[in-house]
């Protein structure tokens, strides 16, 4: 697109289609957003639109501060307030992915954090992926989607987690949110989350008393891929 | 098609092919029907025909009241009497989908209702998806397929359920039937039912004492998508 | 093919490719054969040939009585003696399919017969699918593949089963063999067996004390599709 | 490619793409290498490169003895030291495959060896697939990837296993490594390992006290396909 938010909307369109190709969504469940911190806006999928009809023009752009729509005709995803809370609370996050991917959703429905049983997990998350508390009736009755985001932020505050070292959360009784420094990395994290959620499910069935990997091994793997001492991938 | 029932048959053909694409059927298991209330007819897949040989002309049209065929050369699906009972008992239903989809069938074979463990479920069903009682030998020996439909209707009556708030049932030892105000929505519900049946299966394996989500949260999600106060999707 | 066994080899080629398309095989595991009773020959896949290199010419034809090859350059499947035993013991069988399909193999490895938990099963098998006893060391050391076939025949004799009412067996510690009056129906049965093996696996995990469906219901479904009173599908 | 290592790099490229097609990898997890014993070099996938951007030129060639790169601009896979240890310790191995394939990884995360529950397993492995011990903190802090390879070699030494009779290992808390006399057979073994890991998982869920197949049957199947008396497949 060639409008002021063209690149942002193109990125968000591509990311929304990427989560479908990766098998993370069925029907119209799921939505991806990205933020432009300089412009103070975020762009997100419109609500309930079929993925095969999605165009860059249909992507909704709104002000991060006020939530007011600045571009796009459609109603934004009903989960928009959750995304907004995450962008405002986590200043280094550039993209957010919400799916109902099969195994991550099962952990969320079981109201369980996802333990770090292996190095695939440690390559992406420097510890268990946290689960939120269940919302109170008053929170559900009110500004529910905003409260969902606040429950994620609350979990990270209580556990003193760095959102880029633990770039996902499981919303109790609902499903996963994943994020990253940009929207492409948020999509990659959402894909990895589903893979490790499936592996952890099978690990527990094979060994009910399975134990997380040692913190040394976890940290070694996370640091192979993230931070100053990373030696995985090609130098930038 | 351009005959009197052309549009109805086209819709039924498209819906039968959609459940195959969605991975809900293997071999020739499964059938979809739609109703035209004004004309007093329903249209359904012929019995035991391979999906890749199915044409609109092969779709059988029959009178809702008498069951008599009014268009189509083929024998209708052997499950036709079940569909007819549902249309006659549930006046707001416009389409019915029967599959042997993998996870929903497992719940039906376990003779268990499907609990509402998460918001994906609540987006489509305002509570657990009910399971029928097992049929008596006399019912099986007689007009078996009609009795199957009646067992579904009986379950809804006993539990005092609204068929559009709980648009599916699991037939004990058999498999799922799903429906909706029109056949496209019935297909969507059948797809969602399989997804939530799989998620619930995994939820219980991760946490044998898993609990359904709170009624407040369930109702909030169902109402986001259904009824006057819906705010999911684009305004009609 | 236009040689004396051209139609038979074409059928066997098509059936071998069909089980790959249906997702029943990985690598070169699995083989399908068909018999021509009048000519006294059977045709089977060559041993260890990649499915995407398989041609009708590569299909091996051999005498049912002697096992001697009458057409084809290649060595026949190492499981050929098992197929031969089945054709000779079960005179109404026209095609045999052997796979290592994922769920049916798990039941075979668990040395368990497959219970009839639902109507999908009953549409194809009029009761549980039997499992063989484990072979004795002397049987394994000797003419092992022939003994495998004899163990299937022995199970059917002991349980007094009709091979066309129960058209499959699970070989303990090995995997499934399925068959039918012709090779196309044998393939269909192999596909159905895998589907019901998966559903039964999930049924037991959802309900460890799950019970088979009533014999009345099972028989009703089997008879809908098989025998003189069948009313499923289109009249022949 | 037409350079000195062209055939080797082409083989390694093809094998890396084959494990993606076989569904063994997600994202950039996984890497395949091959060795040229005469030239004293091994070739391996570059680190963190997307599979759909991989070319033969990007494959890195390095000296088996020193580990020094002799061809290729990119940084080799971070798991390269593990591959090198295996080639140096196991002189008959020609190719090594590392994946995070779903079921094999679950066994590795459960820190369990993979039991031989059936003939599919026995066709490829003449006994259980061993699991390594967990590494000590000092090993993780130091030359971690080399230590991973040494833990595999240590397990084979302690159990007195022949690496070509048991051509894979599960690295505790990490995932599978598979190998073979050449890289194509290493890929085939990695595919088979995932299939038998899935089947064994389901076997245990169906029967918690499942027992491995008898050693006679296991050996018979392994010998059908390997060694002087093999009679599976077409004579070379």
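The first chain written gets the first letter, and so on, giving A, B, C and D; residue counts start at 1 in each chain.
Definition applied: contacts are C-beta pairs under 8 Å (C-beta built on N, C-alpha and C of every residue); 3 or more make two chains touch, one makes a residue touch a chain.
These numbers come from a predicted model, not from an experiment.
Visitor: Give me the rotation angle that lays the C-alpha atoms of chain B onto its copy chain C, rounded to the nearest 5 degrees.
Guide: That pair's rotation angle lands at 90 degrees.
Visitor: How big is the gap, in whole Å, between where the Cα atoms of chain C centre and where those of chain D centre?
Guide: 33
Visitor: Averaging over Cα atoms per chain, report the distance between chain A and chain C in Å.
Guide: Chain centres of chain A and chain C, defined by C-alpha means, are spaced 46 Å apart.
Visitor: When you check chain A against every other chain, which residues touch at least two of them?
Guide: 205
Visitor: So how do the chains connect up here, line, ring, star, complete, or something else (other)?
Guide: ring
Visitor: Write out all the pairs of touching chains, ordered by chain label.
Guide: A-B, A-D, B-C, C-D
Visitor: Quick check on the complex: what are the chain B residues that touch chain A?
Guide: 117-120, 123, 188, 191-192, 195, 198-200, 202-203, 205-207, 210, 213-214, 216-217, 220, 224-225, 231-235
Visitor: In the complex formed with chain D, which residues of chain C make contact?
Guide: Listed in rising order, the residues of chain C that touch chain D are 26-29, 46-49, 74-75, 78, 100, 102-103, 105-112, 134-135, 137, 140-141, 144, 173-175, 201, 204-205.
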